[in-house]
Amino acid sequence: MNNEKFETKISKHDENGEPIIRGYNLIELINKVNFTQSIFLTLKGELPSENEEKLLNAILVSSLDHGVEAPSTTIARLTASNGVSSSTAIAAGISSIGDAHGGAGEALAKLLQETPEKNASKIVVEFKEKKKRIPGFGHKIYEVDPRTQSLLKIAQDTGFYGKFVNLCLEIERELEKVSEKKLPLNIDGAIAALMSELGFDWRLGKSLFIISRVVGISAHVQEEQTTGKPVRRVSEKDVDYTGPTKRNL
Amino acid sequence: MNNEKFETKISKHDENGEPIIRGYNLIELINKVNFTQSIFLTLKGELPSENEEKLLNAILVSSLDHGVEAPSTTIARLTASNGVSSSTAIAAGISSIGDAHGGAGEALAKLLQETPEKNASKIVVEFKEKKKRIPGFGHKIYEVDPRTQSLLKIAQDTGFYGKFVNLCLEIERELEKVSEKKLPLNIDGAIAALMSELGFDWRLGKSLFIISRVVGISAHVQEEQTTGKPVRRVSEKDVDYTGPTKRNL
Amino acid sequence: MNNEKFETKISKHDENGEPIIRGYNLIELINKVNFTQSIFLTLKGELPSENEEKLLNAILVSSLDHGVEAPSTTIARLTASNGVSSSTAIAAGISSIGDAHGGAGEALAKLLQETPEKNASKIVVEFKEKKKRIPGFGHKIYEVDPRTQSLLKIAQDTGFYGKFVNLCLEIERELEKVSEKKLPLNIDGAIAALMSELGFDWRLGKSLFIISRVVGISAHVQEEQTTGKPVRRVSEKDVDYTGPTKRNL
Amino acid sequence: MNNEKFETKISKHDENGEPIIRGYNLIELINKVNFTQSIFLTLKGELPSENEEKLLNAILVSSLDHGVEAPSTTIARLTASNGVSSSTAIAAGISSIGDAHGGAGEALAKLLQETPEKNASKIVVEFKEKKKRIPGFGHKIYEVDPRTQSLLKIAQDTGFYGKFVNLCLEIERELEKVSEKKLPLNIDGAIAALMSELGFDWRLGKSLFIISRVVGISAHVQEEQTTGKPVRRVSEKDVDYTGPTKRNL
């Protein structure tokens, strides 16, 4: 590499070639910690307390899988049906996680962590003026999102019902005042609040979603490979052609 | 979609729009199982026993991170340095998991699960004749891989030291007979044996590696985004040009 | 980089920092050659003759775009609808080009270039015995593929109707003898024969398809970004759930 | 697909299953137009004039390849060295084209096309105040970029030296007034101006770069597959570990 070396605080190999993660020998980790603890350690640099582990566990389980219709899962299955390797299909699914699918949590976490004065009413007015929706609020079906309720209950039990959760609930109340319909804190919004309570950098918002959802995507890719027919195609009935009529050169 | 519907045994939404995974309501899972249990459930269809959970935990922790120099991690960091989103950088890293990096486990698991007559000496002879290396054996440094030792010890403790492990160890002994140097069962090979003991389809070999390694890749991408300089480049000193000398049209 | 330097015959920068491609200064190329000539030069190392240019042009135009329903184009549009950048959406589409979509040309080119004794009847028998289809033959609709006819006519006009084309047409005749239905040389097969006539390594088979199809994918991604609604989803009607019925933990 | 059909003006299949692009039968295109003409047609909807074709040709040739050290090319070669398919390696390279590599042209084209009042001095002041660099200006080595000079000369010859080019050159002059060092219109900037003169939507900025650069990336991936050693790795010497010292659980 050119001018700049990679600098890392995450991991290295020791003098025997053993992987060391955040200072701990990987072999000791294999024997003594569980996967959730090791995720917390790798991303944050220290092992979690029992309560931190409990809350991170709940966050990770909550995004596991949302059915074939979840856009990134659909894309991974379509890709797998073209006869590529599982890693390529999973990567296509993950690459499709963007601002409009799976990205709301990161966007709200950024807002929560970077807004200097945490004033709900000001935030709502600003978004209203820009005619934008606040990420992490609103749901197609629910007035109260049961997954949000579950996560907030666990936050309460573990002592992480703090300033970020409260700010989100104030935003929810302010939104109800200025909107005609209820825009509840949804699952993406709840995770944004809770990852902020746990001290995770907002830049890890999409990553936490990916670490969880890659499980569901993997299961669907393997199912597609073992039971699906090759090369799924959109039907012509799903396409409207509105271009120029036939013409000659 | 065209002719074929998607058919899935993994997940659906119930009449209230709630995600159901392998028959269980996601909200109940959030409250009652940990991440490792939910991974086992999503991939295999049933919750693990205590021993299955323990062994899967060890497998998942063992592939967490192998430093900046792990090729998929390097690629993810280089990609992130070009100013793309974290999901794009993580996807680039995952897409690079191929036959020669991260794929040995899947290849060996396929061999173990598909070879009808499990005869170590026959397997070794066949590979020898094709002048190919058996995937999952051999290591740059170790004669005995300490991570393999750890995983096999946990397999013994949990009752999963079965026919696949034994076949691998026989292959190791046969290899020693016919090769000059020791080719120990490495970490990829050990995981191939143990995922087979746990009853995971070999097609999930790369996926199990990805589910674990995506954690390390995520940590490295965030580190690159917060501390790295933009656009890392290979140095000209690392490139030898051996093409035609300068010429005119 | 580690042990090995990159070695390249393709390009370098000269002492003034000017890009040199296959020995020619890029600035001279900008002023004197067209895009097709420069593609031939970059991939093969020398500029094409007039006839080589004409045939490569026809090959490149023939794969330009096949509608929204082409699987890689569908995947790129779905990915774009999630709010990712155009480069990410285009990459997802390209990554989905696999053995079962867009890969037949490379597979047949490999067969043509690597089979030492070019005997059509032997090839057909071998595939028959393995119960495999020969890549590049057969079409949903056509008994005679009009695009194949066009390309072969141009091959005749330009002097590239040689041994690879003839072998393919022999295979077509042999297939008709042993199959019930006509399996005509399709567009993928024709391109495989013609790229072999032009002396392109079979490993460039998918690349030639990608260099052409990336144009159509780009147009569709921009159309999706400017006219599509966010987050396209598969309908629940397109999914059949066949997993376990609802159960409690 | 759900609620929304795909709507497209680009292409369809006619009643015989023939691909129709922008109203023209693909077979007629194969016989009558060259690749550059067909690219213009697919992206813009109409065939180019002779001058439009000439200018687009020059743009496409100018981004063909910039050596192994171009970050997206390096990433594609590293990915290929892991033993993945060429489409996966090419896709990884393309996905890495982001704001900081290959994205300056699109960013400047957006600025040029969306700024209502085209006032160079105002644009320069605004960027100065935000302490941001205007994309498309400045070069490591050159005070005058010879590739820019070439493209602008061709623009003059073809009648496309219009308002977007002039605005860019005014910005260049304004930048020289307020900066200590000369920040010349670079190749990305020149392409942004010229694609705007040709009437291409700024959203096609990265795509035009990708359509050209995918050629170089393809050549490098094939070279890596045929001559490179498996699994290139960053050297440990290129990594500085600054994390916690060894510790026990």
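For this structure, a couple of remarks:
So that you can tell them apart, the chains are marked A, B, C and D in the order they are listed, and the count of residues begins at 1 in each.
Here, a contact is a pair of C-beta atoms (placed from the backbone, for glycine too) under 8 Å apart; a residue touches a chain by one contact, two chains touch by 3 or more.
The model shown is predicted, which means the values in this text are computed figures rather than measured ones.
Set against one another, B-C and A-B show the most C-beta pairs in contact at A-B.
With respect to chain C, maximal separation of chain centres occurs for A (centres as means of Cα atoms).
Distance between chain A and chain B, defined via averaged C-alpha coordinates, is recorded as 22 Å.
For the pair chain B and chain D, the distance between C-alpha centroids works out to 35 Å. Mean C-alpha positions place chain B and chain C at a centre distance of 30 Å. Each of residues 1, 6-13, 29, 33, 67-68, 84-85, 87-88, 91-92, 95-98, 102-103, 232-236, 239 in chain A touches at least two other chains.
Within the complex formed with chain D, the residues of chain B that make contact are 1, 67-69, 71-72, 74-75, 78-79, 81-84, 88-89, 91-92, 95-103, 230-236, 239. Per the touch definition, chain D reaches chain A in the complex via residues 1, 5-14, 20, 22-25, 28-29, 32-33, 45, 47, 84-85, 87-88, 91, 95, 234, 236, 238-249.
Against chain B, in their complex, chain A makes its touches with residues 1-4, 6-13, 16-19, 21, 26-27, 29-31, 33-36, 38-39, 42-43, 57-58, 60-62, 64-68, 77, 85-88, 90-92, 94-98, 102-103, 106, 140-142, 146-147, 150-151, 154, 201, 203-204, 206-207, 210-212, 214-216, 218-223, 225-229, 232-235.
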